[in-house]
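Chain IDs A, B, C and D follow the sequence of writing; residue 1 opens each chain.
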Amino acid sequence: MNSVGKYFSDIFYGLKSLWKGLMVTGYYFVHPKQIVTQQYPENRKELKMFDRFKGELILAHDENNFHHCNGCGICQLNCPNGSIEIIADSVPNEDGKAERIIDKHIYHLSMCTFCALCVKSCPSNALAFSQEFEHAVFDRNKLTKVLNQPGSRIKKEPKEPKAPKPPIDTVPKSNPAN
Amino acid sequence: MPFNIYDFSGTTKAIDQFLYAKMPPTWAFITELAIVGLIILLFYAVIGLYLVYLERKVCAFMQNRVGPNRVGKWGLFQTIADLIKLLMKELITIRKADKLLFNIAPFIVIIASFMAIAAIPFAKGLHAVDFNIGVFYMMAVSSIGVIGILLAGWSSNSKYSLIGAMRSGAQVVSYELSVGLALLSVVIFSGSMQLSTIIESQANGWWIFKGHIPAIISFVIFLIASTAEINRGPFDLAEAESELTAGFHTEYSGIRFAFFFLGEYMNMFIVASLAATVFLGGWMPLHIGNLQGFNHVMDFIPPIFWYFGKTIFIMYLIMWFKWTFPRLRIDQLLTLEWKYLLPINLVNILIISFIVLMGWYIK
Amino acid sequence: MEKEQLGQVLSELFPSLEINTSQDPVRVKADTGSIHSLAMTLRDDSRFQFDYLFNMYGIDREDRFTLVYYLESTIFRHIVAIETDLADHDNPVVESISDLWKTAEFQEREIYDLMGVSFTNHPDPRRLFLEDGWAFPLRKDYKDDINFIER
Amino acid sequence: MQEVELQDILTAREDGDYIINIGPQHPSTHGVLRFVVSLKGEMLEYVIPHCGYIHRGIEKMCERLTYPQIIHLTDRMDYLSAHMNNEAVSLLVEKATGVEVPERVKYIRTILSELQRIQSHQLWWAAFGMDMGGLTCFFYGLRDREKILDIFEESFGSRLLHSYICPGGVMNDIHPNFQKRTKEFIKYFRKKLPEYDELLTGNIIFEMRTKGMGVLSKGEAISYGLTGPPGRASNFACDIRKLYPYSAYDKVEFKEILYTEGDTWARYKVRMAEMWESMKIIEQLIDNIPEGDFTIKMKPVIRLPEGEYSQRVETARGELGVYVVSKGEKTPYRMHFRTPNFSNLFVMNRLAAGNKIADLIAISGSLDLVIPDIDR
């Protein structure tokens, strides 16, 4: 008799456990407000990435097309994948001394792993991450970017004691023109 | 031409008389066959496509998603776009596959479900044929489909496919029993195998209500067993995409795959409409005994809506099962059939026979 | 057992071993030929019961190979690292301990695959990750002109 | 040692074996892993795992990179335990250079590790449910995981591969919203986790498929080096957080979940219980993060003194060991990772042989393998 009882209690227990599961999916079926899907291309306007989002590397330019990069090459040294190449020139300044200025700051987006070592190690806070995330292109060569805008120059800071380095998210941002 | 949404028999009879008056009897018969065939073909395509859409929407809502919503309003034309894509896809021929059987298999699956549709009464007077052994015919025809699945698995020359097909064979052979016995319970109640008679016998209440608890048990067993018979989750062992990638149709592509896909959904529709017809009264509106007022109110809703309402409800149940439960293992599947469903079913039939013999059910 | 105590017991049992208890964990330098018997003793002796081989790796020291076995006792929670030098750099061979710990079978296969150290009495002496015929990449003299970019 | 072809081994076995390949492209190997299985009907005779499809030679690459640069490679081993992997290397470098990190850093690291553990177990639950055929689980798991990923994204700018914990501290301070959002998440997830149980744990089909499948005894678990939740399901107390506490784990109270059954069901239950424990740990820490620096000044070029160093941490999948042989350079002379999935994978043949093909999927799902961690 015991085994017969177990037979029916098995059936009852099984059906009860199945019913519990059905209630979960049934609950969501009748509560469409809980839907979490985002309609991506339509919500492009409202879709705002977080300030710290590491989209792609940019060289921050201000409104007068000045940047802070002096072409020291520390970011290139620190990059683990060789995604940064710096081509620097030597140009005499007003005092007649040779000064190192940047010719091209080349950034291979296709090789970048977004480890942020370049941004962290930059001594003059020239680099930052933009929130751009739509990187898809049809030609791989387009992923190699020149970060300094044409005609841009290094901003000469008046000599003053070095300010403490601000955290990454407060680095001034500019729109990536390329 | 008389047209009555509540009773199609006048319309069909009028067409019949019109054709026989205009043509010699042989030609009239052939024309009728062609018309019916065409209508069923169209119906098949539309229902098949929109069942896929329905399933995708239902599962999306259960999973906190919105489902297809890009093609047309609410994605209504999504499945049509899918069909066009499948039509244009290359039919890959498999090396060392048995070409003839490989090509025939999808057609067998689809023809089986095609034949079953013929006997379904959609509304009063709206059915292609009304066999006096309708239930038996449906059972017989719907089990042809498994031959297609077995052939597909065997002829693909793929090990995944073969395992899937063998699983399907074991599964269908076992579960046919339970499906048949569950249907038999209502046949005992109504005393007929003719679908139209079964429906007429439910004019004062559906069998699921009139037949007390045994009918409800039969209904539940029918739902479980028929879900297994049409290879749907949680009994989709023949496909089992996490184990066998796609089971018996792993090697199929393009429209041949679409046939399997469509066949699966049409089988679901057939099973659901059979359950609706036998247990829930088919197109018969909800009647309670001799409550004239209530019955009249219910009669205002046309039978075709009753029929589709019930069928969609049962299809929803089947979908609900699929998107909630994990898959069974093959030995558990057979245990469920031989240890639980079949004994319960046999005892149930014994009880029903006794009830009918003593006349204890609501007549 | 504490580190010093462990070192003492070990040196009593194996006087020939070079034992360094100043580091964490205790480091034992063993002879290549005795590695299997030493490991067996460490596993089965009721004072040690090192039943958990949680790591082993090889080092290419250019003139020789060094294998390091890390053993832990799940009962006493003491750890010992056994080092052994394979002096023959061209054809390093050592006895497998995969009969003592199951995990050693695959760790040894990995070491063979990447380091080129052969293990005798290994039940399944195939390469693990790389194709047959590939050079052993973790050796210091490994050269790959196609995939290796010098910066 | 002569090189033996796979074909030789296969033909050496009994003729007429029904060999099929599960993988490298298969819906339930969760990556490019290949099992060569021999079937007799539905029964498995043996399972041979084949790996190396995504072997990248991380250990060799590390020999050319400085220690801060190595961090970003460890992300890419077990990508679901990125924080723990980063932490392992960071702790090793700090230990070797004798640097003590601020309390704030320790708290942040612990919270992140536990968040990462919950996130990893959520994805495992989702994928495990899918392996068993319950596709809805996948969406519920990912839906809740998204909340943690959003917390990560707000603070560190990336969702999966953070490279956030670095030698000496963390890359930048946590976001002002971090505490608030984490507390919100825990409140939310405490409501959602019982739903997981209702949908899958209590389900009779699921119970039948997992209970008593792939049983591994404690002795075998130790011998195979099975760590993490699979090891603890076999009653092998291998939680590094308890045994050798690092970061702030010595300041929090939590249970080490141990089951004695050692079957698929126990491995499932361990992870479910660990999610509760992780939430408890986070709740103990989240309000008490001390003020202070988020990093200490490390030398621009970190050189480890000559010697051999090791560090063990508990990732979401088991014990991760980092072993460094340094010659006093800025790059390691030899770096070795003892990864949890490597040991956990090779128990497959022992667990699955003799069971059915459906059990192979359930067992490999319950081991929660991340393939890049095996191949490195």
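As a convention for this text, a residue touches a chain if its C-beta (ideal position, glycine included) is under 8 Å from a C-beta of that chain, and two chains touch if they have at least 3 such contacts.
Bear in mind the structure is a predicted one, so any value in this text is a computation, not a measurement.
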Quick one: how many steps at least from chain A to chain C, stepping chain to touching chain? 2
Taking each chain's centre as the mean of its CA atoms, which one is farthest from the centre of chain C? B
Rounded to a whole Å, what is the gap between the Cα centroids of chain C and chain D? 24
Would you mind pulling out the distance in Å between where the CA atoms of chain B average out and where those of chain C do? 64
Dist(centroid_CA(chain B), centroid_CA(chain D)) in Å evaluates to 46
Residues touching two or more other chains, restricted to chain C: which are they? 151
Name the residues of chain A that each touch 2 or more other chains. 18, 21, 24-25, 36
Residues of chain B that touch at least two other chains are 62-65, 323-325
How do the chains pair up in terms of touching? List each pair. A-B, A-D, B-D, C-D
The answer for chain B against chain A in the complex is residues 58, 61-66, 69, 320-321, 323-325, 340
Along chain D, where are the residues that touch chain B in the complex? 18, 20, 26-28, 39, 42, 129-136, 138-140, 143, 199-200, 203, 205-206, 208-209, 356-361
Chain D partner, complex, touching residues on chain A are 13-14, 17-18, 20-21, 23-25, 36, 49-50, 52-54, 78, 80, 113-117, 120, 129, 167-169
Can you name the residues of chain B that touch chain D in the complex? 59, 62-65, 159-160, 163, 167, 233-234, 236, 240-245, 323-332
What part of chain A is in contact with chain B in the complex they form? 11, 18, 21-22, 24-26, 28-29, 32, 34-37, 39
